[in-house]
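To keep things simple, chains are lettered A, B, C and D as they appear, and every chain counts its residues starting from 1.
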Amino acid sequence: MGKKPLIVLNFKTYTEGMGENAVKMAKYCEEVSADSGVKIIAVPQAPDIYRVACSVKIPVFAQHIDGVVAGSHTGHITADCVRSAGATGTLINHSERRLLLADIDSAIQSARRSELITIVCTNNVAVTLAVATFAPEFVAIEPPELIGSGIPVSKADPDIVRGSVSAVKRIQPDVEVLCGAGISRGDDVAAALELGAAGVLLASGIIRAKDPKAALIDLVGNI
Amino acid sequence: MGKKPLIVLNFKTYTEGMGENAVKMAKYCEEVSADSGVKIIAVPQAPDIYRVACSVKIPVFAQHIDGVVAGSHTGHITADCVRSAGATGTLINHSERRLLLADIDSAIQSARRSELITIVCTNNVAVTLAVATFAPEFVAIEPPELIGSGIPVSKADPDIVRGSVSAVKRIQPDVEVLCGAGISRGDDVAAALELGAAGVLLASGIIRAKDPKAALIDLVGNI
Amino acid sequence: MGKKPLIVLNFKTYTEGMGENAVKMAKYCEEVSADSGVKIIAVPQAPDIYRVACSVKIPVFAQHIDGVVAGSHTGHITADCVRSAGATGTLINHSERRLLLADIDSAIQSARRSELITIVCTNNVAVTLAVATFAPEFVAIEPPELIGSGIPVSKADPDIVRGSVSAVKRIQPDVEVLCGAGISRGDDVAAALELGAAGVLLASGIIRAKDPKAALIDLVGNI
Amino acid sequence: MGKKPLIVLNFKTYTEGMGENAVKMAKYCEEVSADSGVKIIAVPQAPDIYRVACSVKIPVFAQHIDGVVAGSHTGHITADCVRSAGATGTLINHSERRLLLADIDSAIQSARRSELITIVCTNNVAVTLAVATFAPEFVAIEPPELIGSGIPVSKADPDIVRGSVSAVKRIQPDVEVLCGAGISRGDDVAAALELGAAGVLLASGIIRAKDPKAALIDLVGNI
């Protein structure tokens, strides 16, 4: 386990990770990252990207971008706009915000033009394989039934992680796999890395923890 | 025409109204508003709300909110979050971002709880009437075929504006009607007010003008 | 309770109500309707409408129509097409198939042109009121949390039924209210009628019953 | 050009291909297929599948299926249901009915279980490659801007057809490519075959022709 894993923390729309709380949560991430040497990415809601990015030095990602670019579009989130607000990457196709196939393609293309790193979420090995053909930087495999369950995918369904890693390597060896759904503790992360994942995508386990900073310390403690 | 009209300027995803340009555009709005006494509302993309709201004293609105609230939602825009970023109102159901009926209802309810003013967009008189039952502060009637056309609805289809005003008054006398689609000049605004509208919702005519500030001055000049 | 209620039976995509089973289920409806004098409407999947309508004399409704008309649309269900296949009405905006507000309006308009009776589903009193402005023949109120629960809305939440009836009467006295969600027995129907509903919309309670015909007989037995 | 091409005729929601007209159009296909030895597939709206399939011996395909299976779903089109109505295949993800990526995967899986042949529509080479990983029987490449244009993709953008053929062969050699958008005459088909396509997907060029049977005869005449 020579390589340090990547921790991607999705703030979702939780009150505990919104507005001023988003800044506070991102600072916890920054402190734990600095102390541990583990890379942690903060993923706040779109209206919070700017003030979070102004407040911390760790990477800030968007939760979603649309496949559209500059033009006559209202209420959409463009790659260009989150980039100029300070994001350096974005989730795409999260299970709570699934996209049309054609829009995943155009969102990844837009992200690339705006120099955003992309983490595309998938729900099974077949979809992971399809997404890998688009060559995003990361695919995050999250079986929908485990999201928010507290049951880590790395333990409940190791084959879906192994299968995703090997599918991706076959198509696009440079794409890395993250492991989502049900992750909240350090040994969940260790199990994910054992299966070939490059890191984890997680949310409620940290954001809604009584002491989110302590939960983050526990998370990276065993790495 | 004793009462001053309301001007709502939708920045859409135009480059000319994004990032630093969004701040600049909002400042033009602020200056023209201060000089003319006409109320102008700036409507930037979600990631720009915070920095625009920090830079100007005029109201800043969101282009869209989702019907969801705090919780396990990713990539959604909540009323609470745009409020805490500095918005004091929001568009809902813009023709480029239409919502399910049930989500219009829940978005309006969320907005109300977060003390956001709501402008719900509609495409014809029947839909205006349906939306009026939810008692938003404003309904903005925009026949889709005229959006971005340069042909003002107040001239091309005055009956749809009159019909919307009278439909709304029948159901919810307090709801005001805005007139969208194809508005770009001062006399388009005057025509809208003649038809009973309380103001206008516009975008490309100003945002993409060679000199947006001059276009704004022209817009409010005849009022 | 002088007036006979209307029973609308949604076959959903249950195997027990698909293909040859759809024809068999519709025949049970026809027999029970003939014996009891209660009007029963069969609502099979779109590909089954034609053969069900050819096999029974009771009304056959579609589960859904899109807001589009004849033209360059693929995979959509038009009012015209379900009419020519033998349907005489349609559900619109079922909670499992919600529509954009503008599409509810255009679907109702299309249905009217094709002489289809419309039952528009709603999730709460506010949405019922909005839908009533479109003057469909029926609004079916179905709180989403009770669908398939076996807990009848007429007992669990009588106020939502009463509220819907009174909202509708205020706006469009000719619109009738149906009561959906959790209905499976005769006394659920009786309770719905007591609250002012004109009938019920139901599905699994009958379709998945061990003996659907017996369940239908029980349903209409107390009326 | 030893191998006979495949002609897939999408009836869309055109009046000329609906209800009784759908049966008539399918019979033209059957006659021209019998006379020419060219395989022609009729693709009517869902409510017309049963009566078309009962009237002709050529294959009948659905225009769309949803990713859902038997259960509590209303207004959805299941693989099972179109199969039992007589369809032997289906389009999936047509540009007028695009699907979420996860739903394309589940729709293909459902189709496979119901023994339906799948034609998945795509809009560019990257999306064709992604879809090929799911191993449908066919991918139909249709650049959206050419649909209904009368400008055949096989002439306007030969590289997108060649690129799709070579992308597919690299991933799944058994997947065949169809060429859609703007096809209406025999030499458009010949051009498509030259580029490596196995056939064509077309609609208005035949359905809306003054004499659809003559148009079909012309279409297959040069093959």
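Simple rule for what comes next: a contact is a pair of C-beta atoms (placed from the backbone, for glycine too) under 8 Å apart; a residue touches a chain by one contact, two chains touch by 3 or more.
Here is each chain with its UniProt name: A, B, C, D = Triosephosphate isomerase.
Fair warning: this is a prediction, and the values are worked out from it, not measured in the lab.
Asks: Sort the other chains by how far their Cα centres are from that of chain B (Triosephosphate isomerase) and give me the top one.
Replies: Checked the centroid distances; the maximum from chain B (Triosephosphate isomerase) is D.
Asks: Can you compute the centre-to-centre distance for chain A (Triosephosphate isomerase) and chain D (Triosephosphate isomerase), using the mean CA position of each chain? Integer Å is fine.
Replies: 37
Asks: Roughly how far is chain B (Triosephosphate isomerase) from chain D (Triosephosphate isomerase), going centre to centre by Cα mean, in whole Å?
Replies: 42
Asks: Based only on mean CA positions, could you tell me how far chain C (Triosephosphate isomerase) sits from chain D (Triosephosphate isomerase) in angstrom?
Replies: So the centre of chain C (Triosephosphate isomerase) lies 33 Å away from the centre of chain D (Triosephosphate isomerase).
Asks: Between the chains shown, work out who touches whom and classify the graph as line, ring, star, complete or other.
Replies: ring
Asks: Residue numbers of chain A (Triosephosphate isomerase) touching chain D (Triosephosphate isomerase) in their complex, please.
Replies: Counting only chain A (Triosephosphate isomerase), the residues touching chain D (Triosephosphate isomerase) are 93, 98-102, 104-105, 122-124, 126-127, 129-131, 133-134, 171.
Asks: Note which residues of chain B (Triosephosphate isomerase) are touching chain A (Triosephosphate isomerase) in the complex, please.
Replies: Counting only chain B (Triosephosphate isomerase), the residues touching chain A (Triosephosphate isomerase) are 10, 12-15, 18-20, 45-51, 62-64, 68-78, 80-82, 84-85, 87, 91, 94-97, 147-148, 203-204.
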